[in-house]
Each structure stands twice: as structure tokens, then as C-alpha cells.
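One chain, chain A, links the two complexes that follow: it is found with chain B in the first and with chain C in the second.
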Partner chain A sequence: MKNQSYNTMLISVAGLILLLAVFPITVLAQGKQAPAASEEGKALYDDKCAHCHGIEGAGDGSAAENLLPRPRDFTRGLYKIRSTESAQLPTDQDLFDIISNGMPGSSMPAWSELLSEDQRWQLVAHIKTFYDGFEGASPRLIDVSGKVPYSEESVAQGKEFYTNLGCVDCHGVVGRGDGTSAPDLTDEWGFRTWPANLWEQWNYRGGSTTEDIFKRFIGGIAGSPMPSFISSFRLGLTDEESARMNELELKMDNDGLSEAEEEEYAELEEKLFMFEDIMLKVEEGEELEPDEQTKLDTALKPIFEKSWHLANYVKSLGPEERPQAAVGDKVLRSQYRAGALPGMNDEAWNEIEETSYFPLVGQIVIDPRQFNPSIDSVMAKSFYNDNEIAFRFTWDDRTKTLPQTDDETGETVEDALAIQFPVKISEGPTDPKPYFIYGDRNRPVYLWSWKVAEPTTVTEMTAKGINTATVQSDQSPIQAEGVYKDGQYQLWIKRSLTTDDKRNDVQFTPGVFIPIAFSAWDGSNGEVKTKRAISTWYTFVLDPVPSNKRFVYPPLIALISVGLLFGLRNSVRRRQNT
Partner chain B sequence: MKTKVVTILTLLIACVYVASATAAGGDEEVESLVFPASYKAMSVSNGGTISGMVKFDGAAPEMKKLEITKDAQVCGKTDKHDESIVLGEGNGLKNTIVYLMDISSGADFPSDAKYEMDQKGCQFDPHVRLLPVGKRLTMINPDRINHNVHIFSSVNAAFNKSQPGTRRKMNVKAVKKAEGPVNVKCDVHGWMQAWIAYIPHPYFAVTDENGKYTLENVPPGTYQLGYWQEACGSNKDAPVSVTVEAGGAVTQDFTLALK
Partner chain C sequence: MQKLSLFTKCLIIFVVLWLFLRFFIGGVWSVPLPVSVISMYLGLILLAILVHVSVEDDRFREFLRPIKETLADDNRRTRCTVLFVLIPLVMLGLTFSEMSTKADPPAALRTAHPAPPDELTYREKVIGPTQQVENPFRHLEKDDKEAFKAHVENGRRVYYQNCFYCHGDDLDGEGHFAHGFNPPPANFQDPGIIPNFQESFFFWRISKGGPGLPPAATPWDSAMPVWEDHLTEEEIWDVILFLSEYTGYRPRTFGEAAH
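After this line comes the complex of A and B, so read on.
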């Protein structure tokens, strides 16, 4: 056995050397090639992939219906994540990488731990059999050699392109996927699709390195609304020429052009089309003359440079890793503050550096369920003083949905948040908490219910089960303010630490770990009642009040100590004297 | 610990549970045109003409007004309506493709023709575009706002490129295979929708605002005459046989109803 694998290795090495000698370097740059399709590949596919992607690769496996994004239909040769240019097939290596690494933010898992490398290559070969176009195809790679290093200046330039090239239309002004075109987007199969929330880099399907971002920008995301943006720039024109064209076009639409200007415009356009013609020849699969190739390379260089700036900007937006949930040392601590608590937009909130992060998942315990919630987390900060507690909750939502009728269910849907506490805080670890979704008969929960239609109202509710929330007859005074901006809600809530209604309301006591949980509804995602995003129980604590006694006890102890020392010294002296 | 177990359990249930369909979607299959296996271009003399009118059967359906959800200052200057059924005089049906299914040799495309599609005011014009295989299409954007040209081809590679306000004219690469009609969309303005048919020979026509069409310079012979209309479907399973005499003129009308 050992010998055999040694032989295999020898043969592979020999084969590799032969390959290196025979194939030009460009072929190698595409990475490894898949083996011929085999029975083994098909068997593996049927076993591991067909449940979602379907036996015939049409993306229609038995599990497909409840998945969003949908599993890919392989029969049209449309692959989202490619290292190749617009309207090109992926390389074998691209397919291998996706199988190996999975697609973050989707249901596609990483198979590298579960399948051997050979098995994954067999899968690549089988997947290619679903689309005829792979035969004889040699997709063109995106040139990533001109990478512009990350810098403040590059990010600033990239931001300008982000704003001016139309990224904002779908991804929104600050990039949370909340652009004005976002609510209407569908993919080429007619399924609902959302633009990426660029702040959540851990959800980027094809990875979040600057190179990954650059490739998506140049190559587009096939089958989705995300186009290639290489056409955004005027190929072959200098920045000055391009600016002049803008000027002339504006004039053309308003006052009209003089004869000389018309001529000037025609010349600029001719130059642009000359370069575009070379580009189109490449896209149409024609061989270029050497001088044409040089011209194209020169013309593309500044465009690629601009695209790297844009990639650097997108990269600058958020952390790569999903924040750690609010447990352990990340637990939410309400901070004590003498005097008035900060209002919604108070600078004081910045004093708390880290926002506590509460992940949400879909409610799938009872019908109607939510398998694909769009709100994936709530974040929180909190302050309290001797009488009151204030929270500031934030959560991302790509659309602000005021009450409206859902097309599918006929229900009235709207954006909303509920913050949940147990009515009675459990005493010690053996005392069970209420059921994590809206409590149970024996252990009710106390809710703060907020809805977008009344952004300054929080209603107190009591729930004794997943579907049994009732508005309390006795409402404690609670101040609230909710605001939606750039794809994010911010909700400020203030209540007194204790209330009169001790039977139904949670009482906040410093130093006690208090369970907290969330429910969030995105109206535009058809969410209402039990169809929502939920969290499990987390705990938070009102940091113990820094005691005034610290000014009393230490000096007192010091005084006593000094007194004792004196006493000791005197008694020793006395003894010596006697 | 317990909460962890619950979370894992709920996730497990999520993986196994198969509920009724939640997401709407899955466009219905678009009927395609019928193309000859091969086509040879030659000069045609003494060709005949096939012309006629395509009528819509029944009362004109209401042309649904499209909701302009963004860039209203540009896109909302004029009202936009669903263009799947557009009727003219005598219920003449616009935007129907009428064509010869089985012609294998005949005239070439005019060499000087330009193929354009305008996006003015956030509406594609024409709504149905015939584009010869091997010819480039010029997309025009006089709106000074961002559009994207998304062509849902499947026989040819699908296409999706951005055309911002600074790209007044953008040429789209030629394709190699006959296909279509395929959908054209602008994802930025979700209501913008049109069709492109990549055609291998020139014997295709799109009906005008009064439902009229003409196929000229048809070599004498007997042909299968087909139609395609986005809302009424096609007759590819039951085409009409027409015989064209040298220099003659044939009239063939169609009456179409909603699918």
C-alpha cells in the first residue's frame, strides 16, 4: 500500500514535469484541470449533492425549496464565483475551490474535511457534464497582477467610484444592501435575491479578500443582478478626455453642441469605440494582433487600477469575521452612570467601545416557520443609573417596511422588534429559565414590543407560550425612539429599574445576571407572528455600582493599621522598659 | 449548555424539515423560435413577399401601469405600461415575431444595417429586437443615470454589464448561435424588460403598432410560417404552410389569443 502511494506520487511528479514542459504558462495559471467524468463522480454527486442540486443538476433537489439562496442550477453554465472575466465559464480550479470551501452565507457547506481531494475533482468533472459549453472552453482569467496596496488614499478614491458608478443603487449609500433597487431584485430563475450587505464580509459567497472583491467587480456574479463593472469606464480615454465627454454630453442635452464641439465629440467617441472594438474581439473569441493586444493592455491598466481602489474601499467597510456572540467576556454589561442617562444620539454611547452582538436564526419550531430570515443579529449597548436603565439596540434590515399587506399570505406585515426578559429571574443554575421562545405556562416572559409604524412606543406584553403574547393592561412608563437609516434600525429604550407591577414586569437589579432574548420581524420578507427571526437566551448584567464606601473603608483600615502599629510599638517599648 | 442544545436542535430541524414552498419564483419556460439546421446566404432575384396582419382575439386587456420605484425624475417623465399586449387599429397586435421556420438558403442581411436598443426614460425600445447572429448590438443610454444590460441567454453565454450614465453608447458583443427570444432586463430598474431574438437569416419580422408585418425578397418556394408573441405563445407545433411564387405576393393573417 505504501509502495503504491509512493509510485502514484512518482507518476504524478513525472506527469507534472511533463505538463510544465508541454503547456504554456497561461494554462497553468488556470489551476489544476479536472479528470474525465467518471461513474465514481456521478455516484458521489448523487449521494452528496443531488439532494439540493438535483440528479440532473438543475438546482431542483428535494431540499431546494426551502433554501435561500437557491442551490445552483448547473445546466446553464452560470457560475457566480469565478476567477474569469464577464460572460465566461469558471475554471476547473474555481469549481474545486467552491466545493472545497463552500459558500459562506448560503447552505453550501465546505467539503474539504469530508471528501478527499480526488473525490472533489471527480465532482468537478461530473458537474461539468451538466452543461455542454464546457467542452473545449478556455475561459479568460481576470488579471490580478496590478493589485493596488491598501491605503487610506486608495480607500477614499474607491469610495468615490462606489458612489458614482451605481453600486449604491443596489448596495445602498453605506453598503448595507439597502439600495433603492434592492427590493425588486430577482435572479435569472426568477427567485428573490438580495444585494450583499457589504459590512458582513463573513457572508461574501466567494470570500472576502481584496482579490475576491476585485474579481466579483470585474467579472460580475453570473445569474444574479450583479453585472460586470468593467464597462463602467470609457476604455482607452484619459481622465481628461472622459471628463470632456461628460461636459459635451451635458451640453448636448441642454443647449446643443456647436459644429466644432460636435466634431470634437465624434473624435472622442471614435477613439472610445476603437478600443472597445478590440475588447469586443476578445470577448467574441478572436485572436488579437500584437499591437492590438498592447493597446488593450495599456487601456485596461487604469481601469483595473480604479477597480482595485474600489475593492479596497469595500474591504474597508467591515470586519472579516462575524462578531462573537454576547457570552463569556463579551457579555452585555449595562454600565453605571451617575446622573441622566444618554438619549438616542448622545455622544456618551461612544464611551462603550464594543457593541454586544446577539445572533438570530429563523423560528422553525411551529408553523408558520421562517427558514430564511433576513435579519441575522441584534446589537446592543446599555447604561443605567440609580433609577433607570437605557438600551440602544441596532439591527440591519435592507428595507424599511411600514404596515402593508403581504402578497403571498394576505397578512399585514411590518418591521418590528421584541425584547424578551423572564418575569422572574431564575435563582441559581438549577432553576430553569422560561422556554426561549416567548416562555411557557409556568414561566412567563416579559416583552418590550416595538413596531415601525409607531417608532416612539414600546408596549409591555406578557407571553406564556410561543403564540400567546398579550398586551399588559397596566403599562409602565417607557420612553422609546426608533430610527431607520442606511439599512439599519436604531432603537433607544428607557425604563425605570423597578416598576409597580412586580407580578408581571422584570425588575432590574445590579449585579444579577438577567436573561435577555430577541425576536425580529422583517416585513418585506413576509414576516409576521411566528414567522420571524429569534435568538436563544443570553444574559446581561448591570455592572455593580462603584460603591461610595471605597472612600471610607480603605482610609479607615489604614488608620486602624497605623493605630495598631503604634499600639504594638508602645507595648514593645513598655516591655523593654520593664 | 441547554440553550446550546436547543439551538443545535432547532438547526437540525431546519435541515430536515421540508415545508411547503416558501419562496415564489421560477419563471415559466419561454417558448423559443424554430431555426433551420443551416442557412446559406445567396443573392435572390425575383423574390416574393409575404405580408399580413396579426390580430388579437378578444377585448383588449388593460395595459397595466408600471410602478416607477426609483429615479422618478428621469424614469417617471412619462407613464410606463406593461408591453406584453399592445394593440393598434383593428386590434392589430404589436411586437409579434412572424418568420420562416424552414428556409435553408436566401438573402443575406443588409450589410449596412445598425442594430440598436434605446433605454431612454428607463424603457427599452424596441420591446422586441431582432439581432442577426454575428452582429453587435448598440445599447443607448441617454438618461445620464445608471442602467445595466442583463441578457438572459442560455445557448449563448449570458450577459450582464453595467452601463452607467457616462456610457451613452455601449456595444455588446456578437453571438455565434441562433437563440431566443431571450429576456433583456435592467436590474437597477426592475420594470425594464424587453426581448432579443438572435436570428440566423433575415426572414423574420416584428409586427408594427397596427399588427402589420412584411417578409420581402423571399425565394420562390413553400415554407412553414411561424409566429411568436410573449403573452400569446407560438405556433411552432402547428405552423402555417405558405407558397411564394416568383415575384408574387402572399397574404397571411393570424389571430392570437392569450395563452
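After this line comes the complex of A and C, so read on.
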């Protein structure tokens, strides 16, 4: 009896171990599978998803028109964020993850809080009904087992590939999405699309872990101009052979090849063709012969390794989280400096470690509105001395746009920035401030207007409402210098703390918190006048120089407390003695 | 174990309460508590402790005993010396840091949900007394289900073409523009929002937007547009129906408000 139960236990333990061993392979490989499509799934989809993605899943809901990136059209089976290889469908788990986590930087929110797990799986099942290809599909997963750990060397190698592999064409030299082809990119559906600003990891649609980034390289981002990396290589050739082939092709076009060279070229071509057969089989989903599989693995190995280095490089570019806005502890503090204020490229700016971050969003209060601004923030540092104040503003813009006519509206558009202060600084939190967009009739704002066509000019303006900005007749002397480099504008401005025109200009007083707000225009995004990116009111302060009295009073107080303590002791002793 | 003296007990109580005020309320609960308020509470606590120890002569003597011993007893010389160095140093440090701290940004004080005006208007047109105006399409919920559904669907369209950039795809106030605004957009999934106000209140807030707020609610900071410039009267009522249908929360009605 005893023995029997022991055996039963042994068997069940063994069974459990076996189950646990098999489970990760079968389940974790593809993740969980969606249930069968159901009426509940459709009802849920119609209520939560259809206003963007459309009742029929064609990405044409009533909200779609004002969104960029556009809501996904599910009818073509093209999914951006996948754990599967290029030209493959996503796994059910991929779809579930996107619904649960949302797509940062787009209008797709994370649904994990509002919808239960079951509900999200029902949605996966319903979304799959929009595309027939899902039936019986078993997409191949990207192998992430060869991960190269993060290191300085790996980042350096990744940087080299970044430059050599053509990433710069779209993503720009340092990765701000400002490459030469960036302005002309469209997706499969013909909609405008921007290459990612790689410095803003919080906007990576599919997450920002090194594995996430790696998967985008290997799988590509379907429907967008981002290709799978594998397509940029001549599979079947080594790096040297590939380079040699380029060399020969160049020579062929210019001087022609010698007989020996022609033979060499034919050999290389033969290797390529052999590989094309393998790739064709892969695309058709056919089984590979063992030696073909070995060949494929050998050819892919260096590409995967490069991709890991590249992923490490991209990872090294910026912080994962959006910087905190310039409020509370992060408020912009202009630092006091005795003597001359630093110029545009002065080392002194590095003394201020943290740049204050001002998020911008579309102006959607007054028509014409901007639902898809391309400038998402302005950053600032500031110094002041006894007479003057200097600011250095930076903001990312994928294109430098000098004045030009916008194709759609016929308006003249150009890149510009306006920095806004109230003319009169309010006394307390409930003392009225001007309206945050260009003030109002009773409370005007004072503006510094800068435009890319005149990079060394800042114009003083007064506004009493969004469409009423007028150039001041009395311009105070303001020095300015604006430069565009690698997808980023940098604008340096210097003005005296006080001006003669006290009725129209803001006066900067140390220790007083002064409201500040921004408007930014990206000409290439058709932005002009009210169509722009804006911020609400923030505040900044000219950090007062701490008083020298702090070296006098504290020691004095310490001395007094010593005296008091001794007095107390003596009086206690005297009393005890009597 | 040695029994704690009354003085030590009082000291522990004081320190624990200070830590509670400073780090628990300010940190864990994240209620912003200005330093001046904390010092006021601490003053009261100190006063309470002193009253407690001094009501009886014996207790007061017991309280003072360790202090006297430290000051006068020759066996406690080391402790006395340490305190005589430490206390002035702490005072020095405190006053120095107090005099060198930077100016704090002004606190943002605002009334989140101000009282609506007595009269509800759309553009220049008077609709009626705010307390009594009801959603003109609400009755369809009982009278004509199909027509009601059409109004909700229209409200849905209005919401996703105008509101969701800030108020969120799932109405939680976390739309993709929300991070750029302070005060933050209203979260309709919060059970404290929809059930607490009448539909006419929402009509007022939607139609007049930020600029329609009274000064106590800092209208110059609110990014809420004046929607009567963009939407029809019916569209505003429809979107209110949608808010309530989507979240499952029912706005307060006039009858309830009167109770």
C-alpha cells in the first residue's frame, strides 16, 4: 500500500517535470493561443476599437483622419510589432501584448487596466478574422538566443554598423530621425510617416528593451519603410566577398572586367543564386534540407550578431523615460554668474547638468488646429548676471525648413519658435495670468519670436489673443543665434534684465517666479499661425544669489546655544548643591 | 530590559510623529505639506507633550530627571560633552541650510470643480437655470431605445474626433496629449467625476471650456477649448450621453441634487 502510493507520487512528479520541461517549449515559443472568434469579441471590438480601426478593421474609423501614425488596417495582415521573422504574421501573443501594453508615441493606449485578460484574448481572436492568412499559419519566431551583452565595445561596433548599413539615410547621423530621405517617407497605405527619433526611447512603439529593438531589426516594421535588416545583406556571401562584388560591379560599369574577374564575378553570383533558392523555400514555408538549414544558420549568424551590437548602440542613445517636465524640483533655474554670460557654444553651459524639459502638444483649441505636431518638446538652460540674462533653447525637428509654400494650404511655412512671458507677472496663484495661448484682451503677453530665415534675429511682439500678435514698435536690443544641426535646433538669446519699455516688456527680477510658455512651428509639417505645437504655462526663476549673511548668523546662533546650554547646566548644578 | 524613561518615551513619540508628517504624508500619500504647516503641527505636539508631563508634580520630576542627571551628574560627563558639541552644531547646520535654500516655486492652488453659473447658455442663447436643465435626449433611453442609441453613437463620433487626444481612448484622462497639460484632463473613469455632477454641469464645462471658468479655477491654465465654437448644442448633449454610456456611471439628476 505504502509502496504503491510512493510509486504514484514518483510517477506524478516525473510527469510534472516532463510537463514543465515541454510546456515552455510549446507554449512559450508561440505564447498563448487566442480562443475562437466570438460574438463577445466582436461586441468588444465595436465598442473599444472600431472608432479608430473601423468596423471592418480597415483602419478607417471616425477618429482615423486626425491621427498619425494612422490606426492599423487589419485587413492586410501587416503588423509592425512582431516577434516573428520578416514577412511573417505576428503570433497571437504579439497581438495580445500590443493590446495590453499599447503603442507608446501613438494614440493606441494600454488596455490592460480596463479590459480583463479574457476580453483581450477575445479581441485578438476578432482582429484575426479581418485577414484570412491567419488560418493555419505558424509564423517563424526570431531567435533571440544569441544576445550580445551590453558593453562599450559592442556599442562602438553598433555605431559603426549604424553608419555603414544605411540607417543614417532615414534616422540621421546621430539618430534624431532627420535623415535625408526622412521628409519623403510614406507607408504601405501612402500615409506620411516619420523615421523614429532614436533618442526618444519612450516613444518606441514596440518597447525599448534591447530585445525589442533587435526584433525590429530582424523582423522589420511591416507596412512602414523600415526594412528587415536581413534584406540589406547579400546572403551567402561573407563581408569580404560582398565587398569584392561591389568592387567588381563598379568596375564593370566603368572599365569592364578582365576574363579572370568575370569568372570571379560569376562564382560569387552562383553563391548568391544558391542562397536565393533557400530563401525562396523559407518564404514558401517549405522544410529545408539539413545542409540548407546549416547554410542558412551560418549566413544569418553574423547578421544577428551585428544586429545585437546595433541594438546596444541604439539603446545607448538616450533615457528610457520621457524627462520630467520643468515643474517642482525640475523647475528652470537661471544660474547667477559674475561677469560676462556664456555665448552659444561656451563650455560654461555644461555646468548646468540637467536641461529643463517643456513638453509640447498640438494646438487643438482654435481652428485651424494641429492634431499631429512633429515637435514634442523644448529644452532650456539659462544664466544671468547683474545686467543681463541668457537662454539656450534646444528642440528636435527632423527637417530644417526655410520659408516655402505648403503644397496643401498654399501658405508660406517655415520653422519658428516663440517664447512667451506675461507682460505683468501675477502676484499669487489666484492672481489672473494671461490665457496660455498668446494672452487675452485684458492681459497681454510679451513674445520673443524667432524664425529660421533670420537666425540671428529675435523680434519682440505683443499679443492679446491667439491671432493678434503684433511686432512692437520699440525693439529692445536682443542678441540671438540659432543653429540647426543633426535634427536639432539650438537657439541662444540674450537680453538685459530690464528694458525701457516697461509697459510692454517683461522685466526679469531675481527671486521672482516668472511664467513662461512656448509655441513651435515645423514648416515641413505644414505648420503656420495657429497650426503649431504649444505648451501651457510653466514658471522659471532667476535663482537668487544666497546672501553672505549665511556665514554670520548660523555661527552666532550656534554660539548662543552653547551659552544657553552652559547657563542651564550651571543653574541645575547650583540648585542641586543648595 | 531596562525600562525606558519618560523623557525617552516623549522623545520617541515626537520623532515618530515628525517622521510621519515629513515622510509618510508628504511621501507615501504625496499630499504636499509645506514646511510651515509641519512646524505648526510639531509645535502643537510639543505643547501637548509638555502639558501631559507637567500636570502632576511627580511626573514632571520624573520627566526632568534624565535632563538634570545629564547636566549635573559627574558620571554622565561624556554624554554631557557630546550633547554640548552636537546641539550647537545641529543648530549651525539647520540655520545655514535654511538660509541657503532656493526659492520654492509658487504652489498651484485651484478649485477643481467650481460651481456653475446660475444660467446655462449655448453661445448667446439662454437654455435655462443650470440646476434644472436636463439632457433633452436622456428621456429617449426609456421612450425610444433606437433613437437613444443613435445619439450615443453620435456622441462617440464627437468624442473620438475631438476629445480623446487629451481625455484618452478609454476615457481615463490619459490621452496622448495629456502629459502636456496642467491641470490634467478629467478622468471620466474616476468614480468621483460623472456621478457627482449633473448633465447640465458637463454641458457648461464643455461649451465654455477653460476660459469660461471662474478665476478661482485658474481659467488661464486650462487647455479645455470653448467647444460651443466647434460643436452644435446637440453634439454636446450627445457626447455627454456617450461619456455616461461608455463608463457606466450615471450623472447626478436634479431630483437627487435636491435631497
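One rule holds in what follows: the second predicted complex is superposed on the first by the 489 of 578 C-alpha atoms of A that agree within 3 Å, B and C clash if a C-alpha of one lies under 4 Å from a C-alpha of the other, contacts with A are read in each partner's own complex, and residues count from 1 in each chain.
In this section, a contact is a pair of C-beta atoms (placed from the backbone, for glycine too) under 8 Å apart; a residue touches a chain by one contact, two chains touch by 3 or more.
Predicted model, so just to flag it, every value in this text is computed and none were measured.
Participant: Based on the superposed arrangement, let me know which partner A:T409 touches: chain B (first), chain C (second), both, or neither?
Facilitator: neither
Participant: Just chain B (first), just chain C (second), both, or neither: which does A:V361 touch?
Facilitator: both
Participant: State whether A:P225 touches chain B only (first), chain C only (second), both chains, or neither.
Facilitator: first
Participant: Touch test for A:L280: chain B only (first), chain C only (second), both, or neither?
Facilitator: First partner only, chain B.
Participant: Classify the contacts of A:F436 with the two partner chains as first (chain B alone), second (chain C alone), both, or neither.
Facilitator: In the superposition, A:F436 touches chain B and chain C alike.
Participant: Go through the superposed model and pick first if A:E269 touches only chain B, second if only chain C, both, or neither.
Facilitator: After superposing on A, A:E269 lies in contact with chain B but is clear of chain C.
Participant: Once chain A of both complexes is superposed, is A:A63 in touch with chain B (first), chain C (second), both, or neither?
Facilitator: both
Participant: Of the two partner chains, chain B (first) and chain C (second), which one does A:S38 touch, if any: first, second, both, or neither?
Facilitator: neither
Participant: One more residue to check, A:W537. First (chain B), second (chain C), both or neither?
Facilitator: both
Participant: Output the chain A positions appearing in both contact lists, the one against chain B and the one against chain C.
Facilitator: 62-63, 65-66, 361-362, 364-365, 367, 371, 432, 436, 536-537
Participant: Using the touch definition up top, name the residues of chain A that touch chain C in the complex.
Facilitator: Residues 47-48, 51-52, 61-63, 65-66, 106-109, 111, 113-114, 322, 325, 327-328, 331, 333, 359-362, 364-367, 371, 428-430, 432-436, 440, 443, 511, 513, 534-537, 539, 541, 543-544, 546-547, 549-550, 553-555, 557-559, 561-562, 565-566, 568-569, 572-573, 576 of chain A touch chain C in their complex.
Participant: Considering the complex alone, what residue numbers of chain B touch chain A?
Facilitator: My answer: residues 2-3, 6-7, 10-11, 13-14, 17-19, 21-27, 69-70, 136, 142, 144, 146, 148-150, 152, 154, 157-164, 166-171, 173-174, 176, 187-190.
Participant: If you look only at chain A, which of its residues touch chain B in the complex?
Facilitator: These residues of chain A touch chain B: 62-63, 65-66, 68, 70, 76-78, 86-89, 133, 164-166, 169-170, 180-181, 183-186, 188-192, 220, 222-223, 225-232, 234, 242, 245-246, 249-250, 253, 269, 273, 276-277, 280, 283-284, 361-362, 364-365, 367, 369, 371-372, 408, 432, 436, 536-537.
Participant: For chain C, which residues count as touching chain A in their complex?
Facilitator: Against chain A, the touching part of chain C is residues 67-68, 71-72, 80, 83-84, 87-89, 91-93, 95-96, 99-100, 102-103, 105-110, 156-157, 159-161, 164-165, 168-170, 172, 174-177, 179-182, 189, 209, 211, 215-216, 218-221, 223, 225-226, 229-230, 246.
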